[in-house]
Each structure stands twice: as structure tokens, then as C-alpha cells.
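When the chains are written out, they are named A, B, C and D in that same order, and each has its own residue count from 1.
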Amino acid sequence: MKKKGNFKGTRNIAHSLQIGRAIIMGLILEYEGKEFLFKKYRIPMLEYRLVRSREEAEKAIDELGAPVAVKAQILSGGRGKMGLVKFSRTKEEALANYDEITSREFDGRPINLVVIEAGADIKQEVFVSMVFDNTGNIVVLFSAEGGVEIEKLAEEEPEKISRFVVPFDDEIYPYMFAAGVGKQGFTGKVKMKIATIIATLVKMMVKEDLQLAEINPLIITNSNDVVAIDSRIGIDEDAMFRHPEREEWLSAELRDTPAEKDAHEHGLAYVDLGGDIGMLSCGAGMGMATADLIEYYGGEPRNFLDVGGGASPEKVENALRVMVSEGGLKSILINAFGGITRLDDVAKGIIEAKKKYNIDIPMVIRLNGTNQEEGVALLKEAGMEAYLSMEDSVEKAVKLAKGEN
Amino acid sequence: MKKKGNFKGTRNIAHSLQIGRAIIMGLILEYEGKEFLFKKYRIPMLEYRLVRSREEAEKAIDELGAPVAVKAQILSGGRGKMGLVKFSRTKEEALANYDEITSREFDGRPINLVVIEAGADIKQEVFVSMVFDNTGNIVVLFSAEGGVEIEKLAEEEPEKISRFVVPFDDEIYPYMFAAGVGKQGFTGKVKMKIATIIATLVKMMVKEDLQLAEINPLIITNSNDVVAIDSRIGIDEDAMFRHPEREEWLSAELRDTPAEKDAHEHGLAYVDLGGDIGMLSCGAGMGMATADLIEYYGGEPRNFLDVGGGASPEKVENALRVMVSEGGLKSILINAFGGITRLDDVAKGIIEAKKKYNIDIPMVIRLNGTNQEEGVALLKEAGMEAYLSMEDSVEKAVKLAKGEN
Amino acid sequence: MAILLNKDTKVIVQGITGFQGLFHAKKMRDYGTQVVGGVTPGKGGTEIEGFKVWDSVAEAVEATGANATCIFVPAKFAKSAAYEAIDAGVELVVLITEGIPKIDTMSIVKRANKKGSTLIGPNCPGLITPGQAKIGIIPTNIVKPGKIGVVSRSGTLTYEVLEQLSNAGLGQSTCVGIGGDPYKQTNFVQVLKLFQEDPETEKIVMLGEIGGNAEELAAEFIKEHVTKPVVGYIAGKTAKPGKTMGHAGAIIQGGKGTADSKIKTLESVGVKTVNRISEIPDLLK
Amino acid sequence: MAILLNKDTKVIVQGITGFQGLFHAKKMRDYGTQVVGGVTPGKGGTEIEGFKVWDSVAEAVEATGANATCIFVPAKFAKSAAYEAIDAGVELVVLITEGIPKIDTMSIVKRANKKGSTLIGPNCPGLITPGQAKIGIIPTNIVKPGKIGVVSRSGTLTYEVLEQLSNAGLGQSTCVGIGGDPYKQTNFVQVLKLFQEDPETEKIVMLGEIGGNAEELAAEFIKEHVTKPVVGYIAGKTAKPGKTMGHAGAIIQGGKGTADSKIKTLESVGVKTVNRISEIPDLLK
């Protein structure tokens, strides 16, 4: 994860390409949510073990005793549907499930982090999830019908979901959620236990710089305990300086692909988009607009790669190195508008990278703005040309990718 | 210290007799303020050691190296004037000062807790002190002229004291104090260091449930460090449930006399007032009014001793035990108004105590209100009489104390 | 009419399943107060001695239309309980609990101010409108209906005064125990204003104490706004001046807060003060 | 006239002794902006490149009468810096810093609302009134005075648009970069209102992005209150829908926030939208 503190960077907007700017966050693993947050805030849980090998899995199953749940640790919801959470009545079944899950991949990586969790005595499954809205409130949804079809329930039977809106800077107490939980049919101790867990999650949202806190399912046992079976937590990556230990969490490694990680370490924003036109922009908004224009002309961007405003030659060079390291490129488009950025610096970076990494993929360069003449002159010297217009350069890059000329 | 959580007690009002209800607090030792609060909040200090014997003192002086300050740990300000803080240029001088200080008494107890503190390189002494006002603000006073004559300075040259008023629930930052500290002649790094220490103290006031936070002197060294030499902290005793470790602090022992401690442990309010009429009231306001009336009739109350409303026979019995344990009584006045209190219970307690502790000091009893007849009957059986009017009973008790009849 | 509280006030008791809460809920009901139920989180849906119990104030208010609450919960939970009542829109919040941390009380007062609740207490005996209703713990056998408004910082002392008034044939319109803690929303000034506006109150008794500046503020208010006769008493003449309040405390407090200075200030605005409580009834006749 | 900023605005720079702060302070001054000094705590009383430095905003404001600030401090200290400006009564607070924790931004917005400061940003390039003054980092060589109001969520994209406008002979009244973070005080609606009221602004360009509902709110506002022509562009058509926002996020967000839905909503209230930036100038002629 890149160092914070520079005042004008580009990381956020890279994420925004994936999820829209409204909610920018880094998911963490179920295990991390439980181990590093739920434990600290005393949210009731079942016993569990994180295991990284078959031996550890077997030991955990023996210690906890069947039945157990075998749960893949990946950065995604919907694990049940994917068959990555499996309830297992016997030790044998649990080991078989472990073997099956760890034989699979997710997001291009092998699954080798698994949680073994003690079996639960479930009377009812309920659901709680919360995010911030855009006006500084925490919006909490609670339903007595837990499970995975929550979006459908919200659409079809909205009255089955209680919604609470809490200003982010209010003090939080369980009473605030009691009536709403009551409306879903709970009373007395169970109601107050649920309200207390909701209040705790809301407090965590602020104190722990979270962007998402969800428990689905939260279960009510036959002895009326209320226990968190899952944890789905998104953290605010901009708040990492307040939680430096999170840099060491397993999820920090899993969140980025190797190319993304490489890019972030060099202060670049990188998102894999899956096409075949390598795209480099100076500035994130420009990057989005460039990607849109590539599609407008019928092409497909391979990535979103942004060096930000005022990039140095080294940054441009690194960006190109990251770009070509991924392979599969049919053309490269460099769209540099020189406002703060000096175009001679951009040109220097391009020339250096081309030489150093032997880049022979067709390259289209657009330079317009500050120190344009100097930049164009440098490129010319190195045998390259530059476009002035963004549209023209994009059109050309798309043609090249299609093998046209 | 008595257990909290009962909804109607009397402890506060006992303190209010001494200090007025506006500011109710328990002072802690300089050492405790530094060790348990300043260290946690990283307020710069000199090195120091708490010592309890001459051997420990000698070791500390050797470790710190002369010059050192030798400082008695007592629950009071003004130690300098009392000769209980002594700067010592050599080891010999320091040991002599240690011997002198520990040969003395304060508040009826030997002084055996001493801090040895490293010598300071003082360019300037400044002063900061803060309390809550009655409207939910923290009022901070700061002056560039530290030392002990602050009240005089406030009167004669008020412009030399900067005053800040901060709402208790605001977020606190150093910038809030920068301009005010600047007005006292500071600039740049020293100004911001002072402002940061003030901000830290204000935060402590709220987070640590303090009622008073004072550093006098806060010093500026020749290398422009800003260092706390003293700490004078008052805690909110009502907030003890949030800071249970404070029950174990040395100051918790020192704060009460043995009789006060005994009383508090039995849920009674006790304050030594120094006269010769033992006074027991059912309710604190009544206690104050009774003490006033004793003085009105020319007597002097020995104590303020309150069993509260609705006291049991055992509580009354214990109260009388505490009262007579102190000695020096010429008469005893029991003023019981029966609102919630049942007067037969009061009578039972009196009778039991008189028997158990062989109390033969002349006793004046006033019973008026709930179950009055039953109470009077019980007393009569035991050979005692009761007054109906508060005034009459007080007048009688004063006469008895003066040896009249 | 009386002030703050009458026979139509609908009261809930927070902490009703606790010993004190239940004891006094019954006493209030016995006196004729409309106690419409109580709140104990986790015991919602049950009933105790004829009182319905809810898990939260919001639910109790929704079900009963309660507009007043009497809080008997321990100090540790008092802040949450008071917040809950304030958030539920309860108009009159009477906080009996004593020993609440100062910061918590300040927070409660701030929230009550913001949301428009009237907060009596903490560390107070509550209030009573003789012949109609009471909220809190003031004994009912010592009051009688009448035209004297009583406001007091002290608990038990008030009872003594009430009994002497009643014995002297001086009934009370309403008696408000504002409580002994330094931080509060409803202080002398607020109650004096209500008594001044209340047509049924003819004269006022004000029981003060040493410390703080509530009596001084009351004197200012009386000078400007109170035309009804006021009799005052200040407890604590015997008290020694404080030593532990620090330089800031001493400088801010100045010479104020002693019994003598309070008595002088009150006398200067026409309040008759007495040295002995027994003198009060005569001054009201 | 222009909006928010003109040649009389007195600007201080917070973080002026830092590399970026000083660099852009000089650029602002070079453009004719009245940069009356800067703030770096601990460096008060010094001077840097002709700029006086104070320890706090309050002191700088007292000495200079500054009514605007440009904040360049690192994300970790941005909240305190913004609070400081707001508390000192600075009318226009431009927060350039990016990467500020969401909770901190919410706190800043709340304080600005409460105390009446206008907050631009965070994570924004600032604003420029061509020919008069600029606060922030927008390049000055690509703008020229005129009658087009520009408001944008994106930084560098704005520069591209400004240059194309200027090259086409379409000068700008004011250009406001409102910044890319989801939480902000000054959003499209606030700036559109100012442009609508500004007699010197004749037409408006609005540069939006996927995510959130700022463009949808702008459309609502335009429908009711904006009579001047508006041209819009939404970046991010290529973007894939998010997967990490959780059930609550998905349910609250619903189907909104995509480029297509934003474009549709804007078109429905009469905003002309374009697929390519190069089409913008023609629509304004």
C-alpha cells in the first residue's frame, strides 16, 4: 500500500473506476474482522481457527470438534453461493471440504487461508449491515431474515428491513436501535443483545475508520445468545496512518494484484481493466475520460494507469514498466496534458522506459500544454512522434490495437 | 472509597462543606499526576523517582545526579512556601533536605512519600491551570509569569493572564491556544509547544474525568524545551467506575482521615470540623443547616456526619461508632427528620450503639416525622427522651457542650 | 395550575424493576400520579406490580403517550437513560440518581437543551404538586396544596421546610428539588421564572447552599423579573473555604460562593433571608 | 463579478513553508492573487520568499484581514488545519489535500456548515477567476476571462476542458474544482446556484463522474432553479460496477451512480451532454 501524506495523488480515483467514488474502501478478511475488531469490541462469536495447511486444519477440527464450518478467506461476499463456506458434520467431511476449497482459486490466486469454525446451534439468522451515506450519516439496515438474498428482500418486502440513520458524530447507545429491532419481532434480552451489537458496530465505524460493517448472518441460538457468524468489514484506506498495523494484515497483500501492488508502491494508480490497449494518463479524471474515449472508438483499455499531475521522468518510466510487465498489449496510449505536468519530463520517462525495457509495442503519444515543444523535440530525437489532440491519439491507438494503420 | 451505584447517597455534600459544591474533587499526588497521566499523554517532564526510605532516596540521588529537587508528596498545593519542596545542589544537601522533610508532618500524618527529581535548566517559568465552570466549559488560565503568586497577579495585572473558554465537548487542537499564548510574548516553536501542552491537558480533563489540571511551574529551558515540573490534578471521584485503578492509588488512602475512611466504607458522609458537639443528621442539607444552627447558638460542631435518607438501624449504629471513635466530644446531637427515614429505625440504631459502645456522652435526640411515635416509644423504653423541634434540640446540645443544663 | 407537573402528567419510571425504582413508582402511583409504566432494557413485555415494562423509552412513549420520566438507574447507566428519555421527546426528565460523573451530567444537560427537554436533577429529590402528583422521592405526608412555591438545592432540608410550612397552614403550589450537583439545566432562575408566571403561586421560598453562583444568578433574575415575595435560606455558614480548587478555581471563583456573600446579594434585591428555618413561615404570613 | 473569488480576496496559504505550499503560493501571487501571507505552526515570525509566516490562522487573520485560505498540509494534519481556518472565521476555505480519512472530512464539513465557512474540497484543484485571482493549483496558462462558468469533480480533466474552451475563444467567469471525494460541502448544486446568480456567467459547463448522486442532485436543482444553458460531461462510462460495497451499500445505492443513469437524468432536465470533451465548445457557441 502506498505511503500517505502527499497532497495530490491518484489512488482513490483508481478505486473509483471499480466501485464509484461514493464508497471507497478496502475489504478485509472475515478472520481479520473477527480477530482484530470483533474481539476488541467484545462482539460474541463462536470459536474459530485460521489454518494455512491441512495439518493445521486437522488440528483445528480436532480441537473444536465436529460439526464445524470450513470457510475460505477471500476478499469477497457471497462465499456461500460460490461454495467457499461449507458446513461439515464430521471430521472426514470437514477435511474433504477443506481439500475441495483449497483446490480452488479466487481472483486469480490459490485459496490457502481457511477458517475452521465451531458448529452453531441456530434458532434464527438475522442480518445487519451499515455504510456511510454522502451526508455524514451512518445508515444501518437490520432484518430478522438473514441470509444472502437481502437485496431481493429490500426490493420485495422493504418493511422487513429496519433502517436507522445515525449522524456520524453522535454518541451511540443500544437504546437507539431497540425500537427498530423490536419492530422486526424481537423483545426483551434478545432484542437488547441485538441492539447492543448494532450500537457496537456503529461505534466501530467511526473509531476504527470503517466504511462498511456487516454481519450476515448474525445468529440467535436456542439459548438466546446472539452470535456473529460472519464479519464483512471495509476499511478506509486513507485512515491507514491512524492504524499502521493494518499495513501488515493479510488482506493488505490480497487486495491488490501484483501489478497493482507494484504500481501503488511507486505512487501510481493501477487498475486492471482486461482489454488490450495500455493506457497511461497524467491525472485520474483524464484517465477515466481517456478510457471512455477508447471505448467510444471501439477499443478496450488494458488498464487504468495514472501517474498523477506533475509526474517526474522516473514515475513515467516506472508506470510503463508496470504496464508492459502484465503482457497482452497490442498498443500503448500515453495521454499527457501539461498543466502542472512538464511534458519534457514525460518525454524523458517514455524514452528511458522504451530503451530500458525494450518496448516494441506500438506507442501513441499525445502531448499538449506546458513545455510541449521541448517534449516533442526530445521524442523526435528518439525517433518518436506526438499528437496534439486527445481524440486523434485515442483513435490511432485503437486502430493500432486492431492491427489497422 | 465507598462503592458507587446507590442512587441517593451523601458523599458529595460532605465535600461541599469544605469546598463549596462548585468544585468537588479529589486531589492526587504530584507523582501520580506525572506517572499515571502526564506519561500517558506524553507531556515532557524531567526524570524523577518516588522514594519511601532514605536508602531509596540516596539511590535516586546517585542515579539522577545532583542537583536535584526533593519534593514531599502531599495532597496540597503551596508546598514551596511550606518548605516541602527543596532544591539541592549537592548529594549531601539533598539528603539533608530529605531528612528534614520526612521529619515533618502534614494534615496529621508523617510525610514518607518523596519525589527526587532531576535538576532543571530554567530560562523561564510559566503557569497553566484549568477547571470546569458551571456551564459546561473548561476555563484555562495561562500566564508567562509562573510561580505561586498567581491569585495576586490575577488581581493586580489581569492582562498578564490569558483566559481560554473551551466547551467541554469540543475537539481540542493546539491552534486554539496559539494566539493566547502568543499574547503573553511567545512565538514559534516554544509557543506551539506550550499550546500543545495546554491542548493535551484540556483533552485529559474530559478523557480522564479530571476536575482540576494545573502545571505550575511549566518551565522553558535554555534549549527551548517546555517541561512540566509540577502536576496538580483533581479527579472526579464520581467517575471512579471508569477508572477503577484509581482506587489503588496512594492518594486514595491519603485523601481521607481514618474516621472519614471508616465512614465512607459504611456509606456515611463524614467531615471533621474540629469542635466538640458530635452531630448526626439524616440527610446532608439537614446536616449543613444543623451545623449552622449549632454555631447560631454559640456551639461548635465536632463533625459533619450524615447517614442519608432512609437509613437502616445498622447505619445509624455505625455512624455513632465512627463519631465517638474520634474522641473530644462534649455532647451528641442527633437530628432526624423522618421523610423517607423511619424514626423507629433511627431509634433502634441509637439504642444499639449506646449499649454496644458504652456511650455516656450527653445525647440530644430530635425525632420528627415518619414513625415518630414508634421511635419515641422505643427511646423511652431505653430511658431516653426526644425533642420535636430542631431548634430546641440544637440549643440543648450547645448548652450541654458548655456544661450548662 | 402549578408548575411543571399536574394530575394530567403521564409518568414512566426508568429502572422500574430495581428496588428503589419500584418502591417509589408505587409511592407515586399511591399519591395519584399517572404512572403509565416503566422501562428496564431486557425486561420489555413483562409486568411488575401492575406496571407494564418496556425495553426502551421510545417504545414506552409510543405505547402510552408518557410526557415525563423519573430516572432511578445507577450512576453508571444514568447518561444513557437520560439520553434515551430526551431522544424520545419526553418533556420532563427527572434524574434522581446521584454520583453521576461531571462530564456525563454536562453531556446530559447539553442534550436536553438541544432537544428541548426540561431536566430536573441529577442528585435531586424530584418535584411534587401537592394534591395532584409527584415525580421523585419527596414524602407526601408533609405537603399540602396551597400557594407557596418552593425551590431548593437541598434534599432533606426541603422536607423540614415543607413540614413547617404545612404545619403553619401554608400549603404549596409546587415544590421543586433542583438537586445538589453543580451542573444542571434547571436551576433557581428557571424555577423562579415558572413560579412568577404561575397564577396559583403567590409567594416563593428558596433554599440555597454555599458554593457556585446559582443564588447570585437568582438574585439578578429576581431583581429584574420577580414581583412575588421571596424568602430565602442559605445552608453552609459553618463551612470552611475550600483549599483544593487550584489557582484557576480560586481566581475564577473569586470571593463569591460563601453563605455571607449569597445572603448579602439576595437581601440586596429584596429577598428576605432567615438564619433559622423556623423563621420562614412567619415571613410568609 | 465572478463567483467566490476575485482580485480583492485576501488569501493565506496554510503549509506555506512546505514544498507544494510555497510553490503554489508563488504561482498564485504571480497571477495577481492577493496572497497576504502564510501559516506554519512553529515558524511564526519568520518570512519566506516575501511571504510573512504566522503560527496560527487566527493570528494571520488578525494581522492581515485574510478572508480565504488555501490548505496544502498533509492529510494527517488536514483536519486541524481546516478547523483552524473555520474557527478563525475565514470565509473561503480551499482544501487541496487528498487522502483525508472520511471521518475527518465529515467533521470538517460539519464544522464549516456550523460556522458558516464555504469549504471547497478536499482533494480538489481549487478555483480560478481568470484575469483576477486563483486559489489552488489550476494552471493559469490555459484560462482566459469570459462568461462560461465551469464546475468539475475531476482535476486534470478540467484542465483539458479549460484549454479547449480558451482555444475556442470561450473565456471563463470562474472555474471551480469541487474535488473528487464523496463527502464535501460545496457540490455541484452550491456552485450552480452561484453561477445562476452571477450576472457575468452566461453559460455553464459541468464535469461529472460516476459514483454517488451529486449529478442527480444537480439535475434536480437545474430543473427548478437554473435558467442558464448547461453542458455536461460524465467520465467513467468504462468503469465496472462495484462489488465491495456490502449489502447496505448496494441497497442504498440502488441502480444509481452509473454514467448512463447520470447522463439520462441530466438530459431529462435539459442539460446537453457530450461523449467527447472536444464537443463541448461547439455546444456553447
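Just so we're on the same page, a residue touches a chain if its C-beta (ideal position, glycine included) is under 8 Å from a C-beta of that chain, and two chains touch if they have at least 3 such contacts.
All values derive from a computational prediction rather than experimental measurement.
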* To do: Could you quickly compare B-C and A-C and let me know which has more C-beta contacts?
  => B-C
* Asked: For subunit A and subunit C, what's the span in angstrom between their mean Cα positions?
  -> 55
* What whole-number Å value describes the gap between the mean CA coordinates of subunit A and subunit D? -> 27
* Structure fact -> Residues of subunit C that touch at least two other chains are 107
* Can you tell me which residues of subunit A touch two or more of the remaining chains? => none
* Linking chains that touch, what shape results: line, ring, star, complete or other? -> ring
* Asked: Between which chains is there touch?
  -> A-C, A-D, B-C, B-D
* Asked: Given the complex with subunit D, which residues does subunit A contribute to the contact?
  -> 4-9, 11-13, 16-25, 27, 75-77, 127, 129-136, 139-141, 150-151, 154, 161, 168-169, 206, 209, 211-212, 214, 216, 232, 234, 236, 238-239, 241-242, 273, 281-286, 288-289, 291-296, 301, 309, 337, 339-340, 368-370, 389-391
* To do: Report the residues of subunit B in contact with subunit D in the complex, numbered from low to high.
  => 171, 173-176, 178-179, 182, 187-189, 191-192
* Structure fact -> Listed in rising order, the residues of subunit C that touch subunit A in the complex are 41-46, 55-59, 62, 80, 83-84, 87, 107
* Give every residue of subunit C touching subunit B within the complex, in rising order. => 20, 72-76, 96-104, 106-107, 109-110, 123, 137-139, 141-142, 152-160, 163, 180-183, 207, 209-214, 233, 235-253, 257-259, 275-278
